[in-house]
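One chain, chain A, appears in both complexes that follow, with chain B as partner in the first and chain C in the second.
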Partner chain A sequence: MRAVLRRAGSGLIVLWAAATAAYLALLAAPGDTVDSIIGDGADTPLIRSQIIQEWGLDRPAVVQYLDYLWRAAHGDLGRSYLLQRPVRDVIGEQLTPTLELAVAAAALGVLIALVLAVTTRRAWARRTSSTTELVLVSTPPFLIGIVLLSVFSFRFGWFPVSGDRGVAALILPAVTLALPIAGVLTQVLRDGLDRALSEPFAVTARSRGLAENAVLIRHALRHALLPAVTLTGWLFGVLLGGAVIVEQVFGRPGLGQVTLAAVNSKDMPVVLAVVVLSAFVYVLINTLADVVYLAIDPRLRRS
Partner chain B sequence: MTLALERPVVLRPRRPGVAAASVFLAVALLAALWPGLLAADPLAADPFHVLEAPSAAHWFGTDQLGRDVFDRVVHGARHSLAIGLAAVGIAVFAGVLLGLLAGLSHRFADEALSRSFDALSAFPLLLLALLFIAITGPGSVSLVVAIGLATLPTYARVIRTQTFVVRRAGYVTEAVAFGASRARLVLRHVLPNVLGPLPILAMIGLGEAILAAAGLSFLGMGPQPPSPEWGAMISEGRGYLRIAWWASVLPGMAVTLTVISLTVAGRYLQRRFEGRA
Partner chain C sequence: MIRRTAALVILALALAACGNGGDDPEGAGSPQDGGSLTWGVETEPITFNPHLYAQAKARLLVWNTFEGLLTHDQRGGVVPWLATGYEAAKDGLSYTFKLREGVKFSDGTPLDAAAVKANIDQIRRPGYNPALLAVQLKNLKDVEVVDPLTVRYVLTRPDVLILDFIAAPQGALVSPASLETAKNLKAGGPDLAGTGPFLLDRYTAGQEVHFTRNPGYWGERPAHLNEITYRFLKEPSVRVGALTSGQVQVIEGVPATDQQLIEADPRLSLTRGLNAGTAYTYYLNASRAPFDDVRVRQAFREALDVDAVLNAVYRGTATRAWSVVGPTSPFYDKSLEKTYSGDPAKANSLLDRAGWTQRNADGFRTKDGKRLTVRLVQSAPFVRDRRDVLAQAVQAAVKQSAGIDLEVSLVDQGTATKALEDNEYEVFDNSRLDTDTGVALNLLLHSGGAINRTRVKDPAQDKLLDDAQATGDATKRTELYRQLQQRVVGEQALVLPLYAPADQIGAARTVGGVGFEPTAGVPVSAYGIWLGK
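Entry: the complex of A and B
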């Protein structure tokens, strides 16, 4: 229990540091906030002073920072300069397509990795598989997307070229995002299986006359899955970063498109919110993964 | 504990993969240092030969402006390698500095530094880079600093752990007993001995940096057209995918092969020097 509390505490500190770093970056940004808010709109001294009033830009920087922290802690992510709407609504509307993509890709990636790691135990299959993994991990995800797009959408016409209508439009983007994930996970799982199979319990299981496949699936796989749990946080980062690129390749609406549009138009509250939110989820996932790790592996609790 | 690099290193790649990777890296390096040797002008447009398929005259075909894709890929090596190397350089330099500082300082400062590494790595690489670029605007320099910043914690953590080990080593405590100054202690005794794992880490990190840079410039955050940068070329060629796959897929292959080669070579060196550095 103390270990859990300590993890939660250091998670909070990391979060605070991340939010502060992002805010400092924003302060260091060249250019005037009022200019960003006005954008291409009418620019008169009266409008300027109204904006300063309305956004509270005349307050001391420390007060603005504390206000930002206070509101972020309450789930208020500020207002978009460009759209003049709460960032929470802007992000909320686009969350569903990105979540669909991420969940589908994660499930597919884990599935591919499990099947590959368990089935490619023979030397030649293993070599083929690890070469493929290396290629998948080293290929930029957008290239995978482009190749899939040109083969399956343009040549064969099996899938729609862009959009997010229906399951058919989800398949290629999800595969694009899943393949690099599967590449990394297969490597980790295979190493885990190798280690587990050389442990005494595997020998014991074999000496009881258990078939090699049963040893693999019933005994070794559980152990191999343990290190994979620590990769959950990494997986989230890859999914989110990858979603930005995959949505761009396939013209899918979603969080990635919102982020890119905000970066291009310097709509800082939106960029800041996406970045801080992703750090929040990352820390949350990592803290949970550590707790889960303690729960499923009693050896860690003793030391 | 001697530095692994002090021994004469004779590389005898017994595996064809490692040999191929070394050859490809040598070619990529040559292309980056002296592109004129391998290819003609990457910006020469030819309106009469637009989007032509690969042939003897144009090995990789031509793009939408009739520019030779092979020439552009060769010249692109300079952009991609330079961005990757500079990003890794920043990350390694800052990582060594901060890691050393954390490893040498007392509990509180070490804790503060370590938590800041954690905070920095809580952001997904691509999003941190995008935040940075939203502030500074797109371009090669933004890419370099953004990727360098985002990958810094990896190196800092390794150096911190190494420093912890080294500062308890016999030769360091003896140097303290001999009254060595703090600066001499750090520069002469600690620093050279914590650097061991860095070259190989940096090599694998270079692959990641090139991949990240290509992704960001694919999104339009890197060098602007008409610069022949690999990610930007893929992005430009994307619009003509239906009729001219070579304009985007072949520059993509260049990225992939470079990253694979770096990974293969890096892992090979890692296995060779495992436990020695």
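Entry: the complex of A and C
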């Protein structure tokens, strides 16, 4: 019970720190809020005073910050400067498509990595796979997306180009996002497998007469999974960053596009909401990772 | 007193119906009803509320659901639309409109004088659209309901640009009932009712917006299409791929590199239209060195072979501009063509005479140990048409031909705004899409203009702009704007016009009625579009 409370407490602190850091960063960025609301439109003192009044920008920065925290704590994320709608609506309707994309990509990436790491044990297969992984990791997702689209959508017409329209439209974006993830994860898993197989317990297992595949999957893979699980935080970062590009290329709705537009136009309420949301998911994922450690490794359960 | 009659409305209807002179690709046949169309567009509107319209690329969506009292004809003038006619008072201080009878908004509210007034009242509410109030409606005193079908716009001083506002998306009329009830008024969407030929029934942010035919449309016929979907495809190559693979039937915004591909495809057609408004122009900041010297400004223009850089960047698809005023505007001064630029020898002699005689190790000119540097600050969110690449081409050209150091920085909007406010720039780039170029010229060249980036404060220049805004006589306006261009583009060399912005439409040949809006030169709304068999 105490452990759970401690976790929740530290989670809250992370959220607050993320919100505050984002607030300060946006405050320090060049150009003030009024400028970003005006955009490249007309700019007169009358326009300025009306904007300042509408958004309450004449209050001291500290008051605005506290007001923001207070309202955020009550679930009110404010209104988007750019889109003129409540931030909660903007984020709410874009969350599901991004979540679908992220979960599909993560699942696919992990699946590919597991299969590749276990099946490519022979030297030649290993070399081929390893080279491919490096190429995938080093290729910008933008390029992967365009190539996949050109071949499978424009040329063969197997998949629709865009939108959030069922499973068919999810496949290409998910693959685009999954390939770099699979690349890194495979490398980590293979390295972990190599190390586990050289441990004494592998020799013991073999001496018990276990088949090589059983040693690999039942014993070594478990050990190899630990470092891979540690990477879930990184995985989340890749998914969020990749979503920005993938959504743009495939014309998919989602948080990535919202974030990009908000950052470009300095739409503070939306940027802050995305940061806080990301921090929340981050905390959630790291907590989950801790639980998964326990499930994978019995030694950790005892301590 | 000017009196326009209903005959003009018929003409306007015909014009709008056939777009740019009935640009009818073979294969679509004669107009027929039914079917649904998908159109890949580049830009997702930030709002569907016409009063707050600010993106030229969203114009084609506005006219599907909303209409104004006036619309534009082919020659840059205005003709009645939801009005049957209008009268201008002799002193230019009021305009009286007779409204069309029997028109209803799609929510059932009748269009009457009170509805027109309610729209203006909404626009004048504090915090709703301050930019519109400060610029286009600066001289509007009030809107009076004369009788249910007669409404009068009263001005504080003569301002012919009010007609351009009434014909613009911001002047389009929204049902007063929906102005009261809409959930997110400023974002617009399905809640806002208009009088147009389509109803916006579904909007998925980041993906698409969907319209269905308005069965009760007041015009002589309803729209041809049953429904139309606009997909937001931001990547140019993805738009082109979606068109060539038949996933969408129409796209706008075809990059220069793909235009040949579409032209070569027998199933597809490509049409280009020049936008109204100002050309894409470099405005030279005359308030500080080195561009406070007219010889340096002239030298900068002579140092650049505009045609060569345009060809290099846009592969011959761009239209060279010679004036701030776009070539399709009735105010365009053709006599400026071929009068300047592209003469490196002249550029070098001008710079020599202006005292920039030394060269440093990098080949740049210097004066008193200071390098001849001019800075262009581009705001990344607003860069389109590969203008960042164009800037690099210009940079290389002026360095090579005259040793001028054009420093280009591509920055976020806040940084760009700060540089402009602090007067830390020498070159400002901009093009504006305004159906009446006068609106843009007031903003860009008037000493009190909101984006007067040349920073010139010249009473004579202001007077030309003010007089042109106050006169209803088209010939007189044209003459005043001609003098203005002679001064700004010719004698003073305050600007370097580069190209006339254009839109391109790629479409399957089975689609009829696609083209460009009269005057504005942007893609048409869906009213006149049909699907051939």
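In this text, the second predicted complex is superposed on the first by the 235 of 303 C-alpha atoms of A that agree within 3 Å, B and C clash if a C-alpha of one lies under 4 Å from a C-alpha of the other, contacts with A are read in each partner's own complex, and residues count from 1 in each chain.
Following the convention adopted for this analysis, a residue touches a chain if its C-beta (ideal position, glycine included) is under 8 Å from a C-beta of that chain, and two chains touch if they have at least 3 such contacts.
Note that the structure is predicted; figures quoted are calculated from it, not measured.
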{"item": "First, second, both or neither for A:D35, with chain B first and chain C second", "value": "second"}
{"item": "Touching partner for A:E54 - first (chain B), second (chain C), both, neither", "value": "second"}
{"item": "Which superposed partner A:S10 touches (first chain B, second chain C, both, neither)", "value": "first"}
{"item": "Partner chain(s) touched by A:Q248 [first = chain B, second = chain C, both, neither]", "value": "both"}
{"item": "Touching partner for A:Q64 - first (chain B), second (chain C), both, neither", "value": "neither"}
{"item": "Partner chain in contact with A:V258 - chain B first, chain C second, else both or neither", "value": "second"}
{"item": "Touching partner for A:T232 - first (chain B), second (chain C), both, neither", "value": "neither"}
{"item": "Touching partner for A:K266 - first (chain B), second (chain C), both, neither", "value": "both"}
{"item": "First (chain B), second (chain C), both or neither touched by A:L149", "value": "both"}
{"item": "Shared chain A contacts, counted only where both chain B and chain C touch the same residue", "value": "29-30, 146, 149-150, 154, 248-249, 264, 266"}
{"item": "Chain A residues touching chain B - in the complex, by the definition given at the top", "value": "10, 13-15, 17-18, 21-22, 25-26, 28-30, 134-135, 137-143, 146-147, 149-150, 154, 236-238, 240-242, 244-245, 248-249, 259-260, 262-264, 266, 268, 271-272, 274-275, 278-279, 282-283"}
{"item": "Residue ranges of chain B touching chain A (in the complex, touch as defined)", "value": "115-116, 118-120, 122-128, 130-136, 207, 211, 214-215, 218-221, 231, 234, 238, 241-242, 245, 248-249, 252-253, 255-256, 259-260, 263-264"}
{"item": "Chain C-facing residues of chain A, complex", "value": "29-32, 35-36, 38-44, 46-47, 50-51, 53-54, 82-86, 89-90, 93-94, 97, 146, 149-150, 153-155, 157, 160-164, 247-254, 257-258, 264-266"}
{"item": "Contact set on chain C toward chain A in their complex", "value": "46-47, 52, 54, 126-127, 130-131, 133-135, 184, 186-187, 204-208, 231-235, 237-238, 241-242, 244-247, 379-382, 412-418, 421, 430, 443, 450-451"}
